[in-house]
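One chain, chain A, links the two complexes that follow: it is found with chain B in the first and with chain C in the second.
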Partner chain A sequence: MQTNIITKIVGYIIIIFIIISLNFFLPRMMPAGPLSGLTSSTQQVSEQYIMYIVDLMHGDLGWSTTKNAPVWDVLMRSIIWTLLLVGSSTAIYITLGILLGAVSAWKKGEKTDVGLLILFIAMAAFPPFFLGMLFIIYFGWRLDLFPRFGAQTLYIDYSTAFGTLLDILHHLFLPALTLTLTSIGVIYLLTRNSMLNVLDEEYIRTARAKGLGEWYIIRKHALKNAMLPIITLVALIAGLVITGTIFVETVFAYPGVGLLVSDAISAHDYPLLQGAFLFFAFAILAVNFTADRIYELLDPRVKEE
Partner chain B sequence: MEKRGREKEKMKRIITILCLAILLCCAFYGISAAAGGATAAATAENSIKIEGGDYGYPTPFALFPKGPGYIRMSFIFDTLTWKDKHGVIPWLADSWSRSDDAKTWTFSLHRGVKWSDGEPFTADDVKFTFDYTKDHPQLWYAYNAKEIDQVEVPNPYTVAIHLTESMPTFIDDVAGCVPIIPEHIWKDVDDPYTFQEDDAVIGTGPLKLVEYDGTQGYYEYEANTECFKGEPIVDQLIMLDVGDPALALMAGDIDAASFMGKEIVAVEEFEDDSDFEIEEGSSWWVLNFYYNVGKYPMNNSDFRRAIAYGIDRADIVQTLTQDGSILANTGIIHPDSTWYKLGLPSYDHNIAQANEILDALNFTDTDDDGIREYKDEDGNTTALKFTLITSEEYKYEADFIKDNLKDLGIEIGVKSVGKRELGSGICCGAFEFAISGHGGIANPRVLRTTAMGTSRSEEYYEIYEKQLMTMDEDRRKELVGELQEIIADELPVYPLYHPKIWRVYDPDKLDAWFYTKDAIAGSIPLALNKLIVLFDSWRYDANEDGIIDKSEVNDARQDYDEDKITLEQLKKVLNLYNP
Partner chain C sequence: MIEATISFMKQYKNNKLGLVGLGLLIFFVLIAVFAPYIAPYDPHQRFESTEHPSSEHPLGTNHVGQDILSELIYGTRVSLFITLFASIAAVSIGILIGLVAGYFKRFNFSLMRLTDLFLTIPKLPIIIIIAAFMRPSVWNLVFVFAIFEWAITARIIRSEVLTLRHRNYVDATRLFGAKDSYILARHIFPYVVPLVFVQLILVSRYIILAESGLSFIGLGDPTAKSWGMMLHDAFVYPTIFISDLWMWWMLPAGLCIVLLILSFMFIGYALEEIVNPSLKRSPWI
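Presenting the complex of A and B:
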């Protein structure tokens, strides 16, 4: 078990190293030097590389050319909004996806199941930016129910923290809904499939034979066993959700890291782009790491292996 | 049966929870909407909202060196002279004079001007600004006051600026662009680029910064009621990062927005809407077709002319930009500029003429593959096949030109590259043909390097240097005209089109939007001149001739009777009355 943990940690360190190196070399491999104006030509690439690693260790991600500020500061100011957006929608799409997936499997073939199935397959087929635009036009403009851009109304002075919080939630609703709806389909479908398999197992029949209630069986016997592949999937689609975030934040002018990325791309701000890339890479690694831990908790066999 | 009942209970519970969740959403929407409604009234009475976006902290040293960055700063900081719809106007300086050699410029400063912290503005602040800028270049134009020898302050309201060499363009290029900063604040600041305290935005301008949030692209200004140009007519100016300006404008999130070139499609949406008005202006921007004049056969001006005849610019303007642009002046300077030379050749689409020139140059299709060939120095036959680089934005223009040139027997391969790569490619001559654009074409300054590498470049540079030193404006105009003639004749680049620019606005909120003569600070095309927030007599100049006539005075009198303007404002209008 001890060696197992060590292997894993070494694995993560290697991955981090590869990401950092890629992050250093990719922009330098681009033709006609996006970095020509930024790095002094007297330095060898190897020297630059070592300096880059050393700076990185000190939390120095370089200087954003468009924002005229350290990349670290720029990222830190935006990260809070991205965490809020991704965090809230992830919580919702995982919970709701699993719940509805279970309901769907339980009601297999019935109207509820078919309805949910069609709805979520359709939702998963919508690109996030398109769904976002539809929401902005319909809920934002036509019905005038939600703000159409931004993360808060800065020019209104809400005298209480509660007022400000409500304003932030009000702004969050449509972007979070977009991200939730475009991500929930995968979780729902997998839960449904996984549950259908488990419901066929003999121990479920045994439980039924014991006279346990259906809902109890689903909760205690079926869902727990169906969870394992779902956890893996949540980690796997983290990357997908982050791509979605870039689109959603751009469409809603939501001031997170995703909007920074799209601005940095159009303005060719490579240091900022590299910083954002590192942030996303670490975020995905963190999700994977967490998934690994949860996996061990749910299935002690993994730990023992 | 009992089990069934229990399951139903469970199901009911799930449904209840879902319903509750939905209700909660609705409730929080309701509360926040109510909260919004209640406090919306708390915003200033005459508040204007326009599209924002982060362009840095609005000081001369922390702004992002782009047009919108300068604009955000110009609301707070003033220059010695400024410009309105008709040209240069006095600002911090009431009047000025220059020595015969244009090496000394003397400014009489407006009296009674105060910084927004209450300190008086004096000639020492002007001297300090130029001295300080020598060590700390201002970000706009990377201005470092290098032409300034010394600044003298004979009395608190006079500054004499001595230059190292004569500079007839000092008003346009320096006095009207360089914001004056308060000495009492900045004298202790070592690193102005990171100085972003509240004190950093103390200026003399019509607005004061209340809040800046770079992450959310948000700027909030309030009126500087002590402004020496009179109390602003706007109490609050808010800039918001709205995502889609057309939608935000339609939904009432903002009161005015700017559109350019191909965005004409969005502008057309507002044309029949009586709630909005549209003001059209010039973008001071040009999209160019570049030849690499250092390479054969592009170094031959006849060849360049043949290609010019082959490119159907009128069709590009009509089809690709949907008339959101105008045909470019082949001498680069924008037709709306003071410096524009009328009547230059326009190289109207003429395939027969293009073919004639190419035939005369011995570029002929010898192998009947539809592409012309020529014999190089070693006697090898080379086909006229070239690569055209451009950025993704102008890919359609590139494809269009590719088709045009195919008709002449010239094959073009289009390569789309990043903007920075495109810029460096054109700079270093690492290309054959390229499509790219630039702004600043209101000012002859933009012509400095244009004719580099052409057969008449020496003559060109002599004229360029000469016009820089020419005091007489009419003579200077002639010389700048000659430069444009050379460009149009030699075609080191072939200007394709100038995009139009529009301000779409809600006139009930503010109807003072206008475009500045020859651009703000010499190159910024936006209708965001700070004069829009101030009362000015030109508002009554209905026929825009710079003179207030009798009927226009009557309009002002009527407005005074209806309490729309103050007596002081009425007097301002009467001052301009010219029977």
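Presenting the complex of A and C:
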């Protein structure tokens, strides 16, 4: 167990090193161009590398040419929106995915089950940015139900906190729906699948024979045993959802870090792109690491090995 | 081997979803191969810009006056080429590493740590940053995807090789003095071929999604436009949503991506049912 954890931690350290080094060397491998001013220096590359890491530790990520501000400040302004978007969609797709997966398994073969199955399989085939564009066209322009861009209405001063909250939720709805729908399929299918397997087990039959209610059985006996694989999967999907914000925020002009990525690419604002890259890379690593630890806590078998 | 192939095809034939998926894929491949004969115009030829659909231009023209239908047909080429080439390259690397790690004990530890590394690495951000610093080109995209998509295949092939390595007939062949290369080629590789196909499909599905996403945020090759690149052009056009332009500019390209992904999904389900019979009672009605 001890060596297992050590190899894992060493692995994470190597990955962090790779990420930081990529960030340092990529601009230096480009042919001299408009960026050479950024990199040309009389110092040795090794000195520059050390300087770079020291700067990084101090939160100095360079100067964003398009936003005309330190990259760190630009990121800090945007992170809150990305966290809000990722957090809300993650909460929704996990609860809804597990709930609907359980319902589907319970009603196997009935209309509800087949309908949900077809809906979620179809949604899994939609790239998030395409689904988002369709939502903007239909809910944004045709029905005019939701705002078409941004995270807040500009130049409106709501007198109450509740009004501001409603406005933020109103803007959040479509982007969060897009992210949720494109990532819910896997978790729904897995829950449905493992529930179907569990529902056939002897102890479920025993519970039924004891006269326990269906919902109680599902919650206490079936879902509990289906949880472990679901958690592994959540880590996997979390990575997809986090990177998914790059596309969804671009479509909805939602002012998070994902929008910074596509803005930086189209404006060739490389320092900003690199800062956003660090954010995404470390966010995914952190999620994976946490999921690993939770998995160990829940499944004693992992520890014994 | 031939018998196995025939029984495989018989099993596949009974899977309706699998047939639909295969049909779709063949349809796209045919369009890609015969693009110059099907497309009404050269995709670079210019006409009046943003024209509405007409008998001359069934899907209108784009912001610089290129015929959208021709763009879509040639786009099939680009999207499929990147997807298939990158997935074949990635899966090949995966097979090689999986075979070596599974068969030769002394490479197992180091190769598996390398695989773990590539499994944990945040792939998409790294692919995006590398693509952003490289000159956008079809080959560069193939290269980046191949480098970052092999790890899962290596894992799966390795665990299969581990179970095959000590089968009786393999031990017997070894006793007769067969070389490792012979055993690998003759007695191990043929048995991982079905898994290889499943992996090819799974990786392809991921790559088309990632490729269209990358192209959408502006990292595609502007000289060889894929479907994702068309969506990028349409999306940055100022009045795309206000006018009806999206109907013939954005929708067809987007639906093509969806259909291709669906076809990979269906083929994948069908293959997995055959390769992994324990999944037979799985949810695919």
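Convention: the second predicted complex is superposed on the first by the 271 of 305 C-alpha atoms of A that agree within 3 Å, B and C clash if a C-alpha of one lies under 4 Å from a C-alpha of the other, contacts with A are read in each partner's own complex, and residues count from 1 in each chain.
Quick note on the criterion: contacts are C-beta pairs under 8 Å (C-beta built on N, C-alpha and C of every residue); 3 or more make two chains touch, one makes a residue touch a chain.
Computed from a predicted model, the values in this text were never measured in an experiment.
> Clash or fit: chain B and chain C on chain A?
clash
> In the overlay, answer first, second, both or neither for which of chain B and chain C A:Q152 touches.
First partner only.
> So in the superposed three-chain picture, is A:I136 touching just chain B, just chain C, both, or none of them (first/second/both/neither)?
In the superposition, A:I136 contacts both chain B and chain C.
> Just to be sure I read the superposition right, which of the two partners does A:F173 touch: chain B = first, chain C = second, or both, or neither?
In the superposition, A:F173 touches chain B alone.
> In the superposed arrangement, which partner chain does A:I284 touch: chain B (first), chain C (second), both, or neither?
second
> After the superposition on A, what does A:V251 contact: first (chain B), second (chain C), both or neither?
both
> Touching A:P27 in the superposition: chain B (first), chain C (second), both, neither?
A:P27 sits against chain C, while chain B stays out of touch.
> Mind working out whether A:R77 is in touch with chain B, chain C, both or neither, as first, second, both or neither?
Touch partner of A:R77: chain B, not chain C.
> Run through 44-52, 80-88 or 98-106 for chain C and report the one that clashes with chain B in the overlay.
Of the stretches 44-52, 80-88 or 98-106 of chain C, only 44-52 runs into chain B after superposition.
> For chain A, give the residues common to its interface with chain B and its interface with chain C.
On chain A, the overlap between the chain B and chain C contacts is residues 30, 136-137, 140-141, 148, 250-251.
> In the complex of these two chains, what residues of chain A are touching chain C?
Result: residues 7, 11-12, 14-15, 18-19, 22-23, 26-27, 29-30, 109, 114, 117, 121-122, 124-130, 133-134, 136-137, 140-141, 148, 189, 192-193, 196, 239, 243, 246-247, 250-251, 261-262, 265-266, 270, 273-274, 277, 280-281, 284-285, 288 of chain A touch chain C.
> Using the touch rule from the top, collect the residues of chain A that touch chain B in their complex.
30-34, 36, 66-69, 77-78, 81, 99, 103, 136-137, 140-141, 144-146, 148-159, 163, 166-167, 169-170, 173, 211, 213-215, 250-253, 255, 268
> Help me check something: in the complex, which residues belonging to chain C touch chain A?
So the residues of chain C in touch with chain A come to 113, 116-117, 120-122, 124-126, 128-130, 132-133, 209, 212-213, 216-219, 228, 231, 235-236, 241-242, 246, 250, 254, 257-259, 261-262, 265, 281-283, 285.
> Within the complex, which stretch of chain B touches chain A?
Spelled out, the residues of chain B in touch with chain A are 3, 6-7, 10-11, 14, 25, 28-29, 31-33, 35-36, 39-40, 42-43, 47, 49, 54, 56, 62, 64, 193, 211, 213-218, 220, 236, 238, 240-244, 247-248, 250-251, 253, 417-421, 424-425, 430.
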